[in-house]
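As written, the chains take the letters A, B, C and D, and residue 1 is the first residue of each chain.
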Amino acid sequence: MARYFENCAGELASDALSGFARAHADLVGYDAADGFVTALHTAPARTVGLLSGGGAGHEPLHAGYVGAGMLDAACPGRIFASPHNRQIFRASLAVARPEGVLHVVKNYTGDRINFGIAAERLADAGVACGRVLVDDDLASDSEEIAAGRRGTGATLLVEKVLGGAADRGMGLGGLVDLGTSVAARCRTLAVASAAHHAPADGEPAFALPPGELEYGVGIHGERADRTRSWQPLGALVEDMVGALLDALRPGPEEPVVALVNGLGAVTSLELYGIFGELDRVLEARRVRLVRHLVGNYVTALDMRGFSLTLMVADRVVLDFYDAPVRTPALSW
Amino acid sequence: MAHAAFDGIQTLAWMRDFTQSVYATEAELTALDQRAGDGDFGANLAAGVRASGLRCDRMEGPTGPAETLGAMADAFLDEIGGTSGPLFGLLFQALSRAAAGSGPDLTTASLAEGAARGLAAIRRVGDASPGDKTLVDALAPAAAALLATKDSPPAEALAGAAEAAWEGVRDTASLTARMGRASYLGQRATGIPDPGAVGVALLFASAGGTVDTLAHHVIIG
Amino acid sequence: MARYFENCAGELASDALSGFARAHADLVGYDAADGFVTALHTAPARTVGLLSGGGAGHEPLHAGYVGAGMLDAACPGRIFASPHNRQIFRASLAVARPEGVLHVVKNYTGDRINFGIAAERLADAGVACGRVLVDDDLASDSEEIAAGRRGTGATLLVEKVLGGAADRGMGLGGLVDLGTSVAARCRTLAVASAAHHAPADGEPAFALPPGELEYGVGIHGERADRTRSWQPLGALVEDMVGALLDALRPGPEEPVVALVNGLGAVTSLELYGIFGELDRVLEARRVRLVRHLVGNYVTALDMRGFSLTLMVADRVVLDFYDAPVRTPALSW
Amino acid sequence: MAHAAFDGIQTLAWMRDFTQSVYATEAELTALDQRAGDGDFGANLAAGVRASGLRCDRMEGPTGPAETLGAMADAFLDEIGGTSGPLFGLLFQALSRAAAGSGPDLTTASLAEGAARGLAAIRRVGDASPGDKTLVDALAPAAAALLATKDSPPAEALAGAAEAAWEGVRDTASLTARMGRASYLGQRATGIPDPGAVGVALLFASAGGTVDTLAHHVIIG
């Protein structure tokens, strides 16, 4: 058992958001009534507002990526629950530009419906609204899963690329096409050696027998479809990267961006060890790794696990990725 | 006497009767969602009509159909959680738009147009087709019936739409859910009508000035 | 049980360091033979090299703070074990400037001895060497503890201030005095709701009864001297801040810098909730909070806890703190 | 015949004899550290002399005392873990410095100076005072003895230093440790001589060309 540091269980996410807004008052504005944050500084060249959101518990996603060069607004829901369409609608109105607003949505039924309702309301209000759906999770890539692949780690890469493009004045149609094609060239795979603790009671969301790994977990405490026995890191990363490359098949000249992402309670030591293995495997397979991030970027509360995301880029995408960004969680 | 269109008072009366129907059936709706979903549908719908009523009461001066339906839309869209609440909001929003576009009173033609647009929005958002065991199974036939009777007075046309909706509700009992929470139950929800569809039928049935319980229309067994 | 993602238990820290160096090859150089990292870019005005180090398991401390504006070198030991004097000696030789080298040392016997031996060797080699000892941990402030207060969260604040001062060309004596006075005006208090897992077997380092908090933990899995029952966050933070302020007694005009630090497995949601409470308490007590950091800065593997550090500054210290920095873990 | 100073060969011989003494007593030293510490002192010291030997063997051309002692210093400082290894390294470093400063051969005066400087460095670093039950309790009297006999030939002075060191070792048995791992044992390590102090005594005792076991000097019971 591991009890959360909080005032009361229902207010963990909302207290966090207000603390976040106070901590980063130099970068973000906060609408307490409707529960969303907005960027204080954003490129005047933008013709489209960029907005994302989803359940809380994945910090720094999404509020951490609000700021110059990335999102104009983020709407977090309660823990692991979709934001309300009202939040999305109001935030969209707050950040819409002449060409409207773009929603970056992770592929979950609740998020699709709530962002969809907001989009209908925006249409009713005469505000143009586009959507980029992120569905990178390889573990949910199966004929049997009608809902399609889940959206996970790639979200922040897609948001970064779109932010760079929006800063150059790209229009709504262009951003939808760009985001959709970037999302299509991202895949993620996640493993865990222990579940997150449920905020309600501090108990692990599921139990794993010692020496077992959950291979293909989601970011809401969903178990994977399979359990594997523990492997030395090199072999584990080799398997994961092999599966990602089989799905993406980057050409020998195509630049690849990697995200080594902690799901919450895995140590920085492990993440850098994982990066070392990843780097080695990609080199051996002659994959052109051109950029990488190592850290906690898309979490699942305090799950003890990590995910690997690969994004196959091109020169244009890389250029947008490299563009300056200044947000609470990403800055260069 | 049949009116050619609902004026503001008549539209308000329709909505008030819908509200009473929801309150009267809340427990039954909850029972349905307990067996096919997570048991909050009755509460969600009741919260929706309660919030709508408060908004309508707060409106000043004479209110036309578009304003009343718009207040319903905003309440369901802004204040209600769950899947169905905002979907009802989209329906009210489309009805309000259509009403606003067709003069001061609410014609059957604009009701038909609003229902069709609301259905389209709900399907875009929720991605449900007829036969997926959702409220679409009640709304689609109701919208079709309104279109077929768009030259009749609204009370008559809405009664026909309600008939079509109840027909759709009864069909959902034999279906296996593909969308929403009931879809996780597979065959286990077969035999139980979809609560969201019942809610839609109640809306159209409430225009006749009667407050029903469900027993007349669906068998909960 | 939560097994670490690694190749083998003994190599977690060294694999991580080599992965870290590959991941940040644009910022740091890596001496694999002697196990230290150095800054690639550093202000030409520096007359003194800045070096720190200590046991691994506290990432991003210390290697994450190597770079322009902060440390010139860092020497991590094995997990929770002091670095070898050889690492420190060689790293010191590598980064010494005309006025020599400054060691920032956390107050632990092993670190004091190993840095001390390196200092003796440097003296033997004719290289001037100064030391700043960091001993901010309030929980070990007791007559009975002859070794003195432990060094914890303040380390990175001291390193940041010294980095800013070194960049303006401050000499060795000045830096020793500055660092010593800054360290003297820092206090930290840490609590945990669950122990870290031992890398050797994945088992928790100690067990806490449900609903209890360890009040005053260290960063090596040492238990606190007392256990408390769980409190709502507001009351807990109020108590902690009260104790820190009693020890520091900042004047009403003195600017205070706060660090809300995750010890490893605590979520970002909680850290921002904690910051919100801290901000509220300081406001109520009319303390002038002028800067703050919220995140994982000085960890204890995957301990489920957090620490609060307050530093009483003045205009000069704040100016050095604000000076630009570009390291893997801190950048502005 | 008493030499006025050790030349390179004699210094090497001293170090070789120290090495043999360490090998001969490794198990006994380990046994001491098992009872008062973590049981690795014998291994640490043995690793130190082994690494030193390899460094001495690799040196080319004629090697003077300063070079030999410098190689010992580097080996102990660079390659040996634990607390005592690098502390021995500091002693060798100070001896090497003193030797380098006093011409080609190693005089007793420079031995005395080196021991005093080594002691000072060890105390600066480890913060131990005489009576804390550490190797300081052997080194301090040895250094004092060398200073008192700095006009005698080195072999003679070193024998006197060894006597003083063994005296110090015997005293540590009755002390309670304040520094190092033994300090965590409190009274439980009382009666056991400090292993690091024994190591220091062995160093001075090895200049006489004899390889001892500990039984002659300390009672391990």
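The rule is short, and it goes like this: contacts are C-beta pairs under 8 Å (C-beta built on N, C-alpha and C of every residue); 3 or more make two chains touch, one makes a residue touch a chain.
Quick caveat: nothing in here was measured; it's all calculated off a predicted structure.
> Under the stated touch rule, with chain A ignored, which chains end up grouped together?
B | C, D, once chain A is excluded.
> Please identify each chain that touches chain C as well as chain D.
Of all the chains present, none is in contact with both chain C and chain D.
> What's the chain with its C-alpha centre farthest out from chain C?
Chain centre farthest from chain C's centre: B.
> How many angstrom lie between the CA centroids of chain A and chain C, rounded to a whole number?
Centre separation, chain A to chain C: 30 Å.
> Distance between chain B and chain C based on Cα centroids, please, to the nearest Å.
The answer is 61 Å.
> Between chain B and chain D, what's the gap in Å when you average each chain's C-alpha atoms?
Taking the mean C-alpha position of each chain, the two centres sit 93 Å apart.
> Chain A to chain B: how many Å between their CA centres?
Roughly 36 Å separates the two chain centres.
> In chain A, which residues are in touch with two or more of the other chains?
Expected reply: no residues.
> Where in chain B do residues touch two or more of the other chains?
Correct list: empty.
> Examine which chains touch each other and state the graph shape they make (line, ring, star, complete, other).
line
> What are all the touching pairs of chains?
A-B, A-C, C-D
> Going by the contact rule set out above, which residues of chain B touch chain A in the complex?
Answer in residue numbers: 77-79, 81, 83, 86-87, 89-90, 93, 97, 121, 124-127, 178.
> Residues of chain A touching chain C in their complex?
1-8, 12-13, 15-20, 22-23, 56-57, 59-60, 64, 79, 193-194, 202, 210-211, 230, 232-234, 236, 264-270, 272-277, 279, 292, 294, 296, 299, 301-302, 304, 306, 331-332
> Residue numbers of chain C touching chain D in their complex, please.
Residue list for chain C touching chain D: 84-86, 89, 112-114, 116-117, 119-121, 124, 146.
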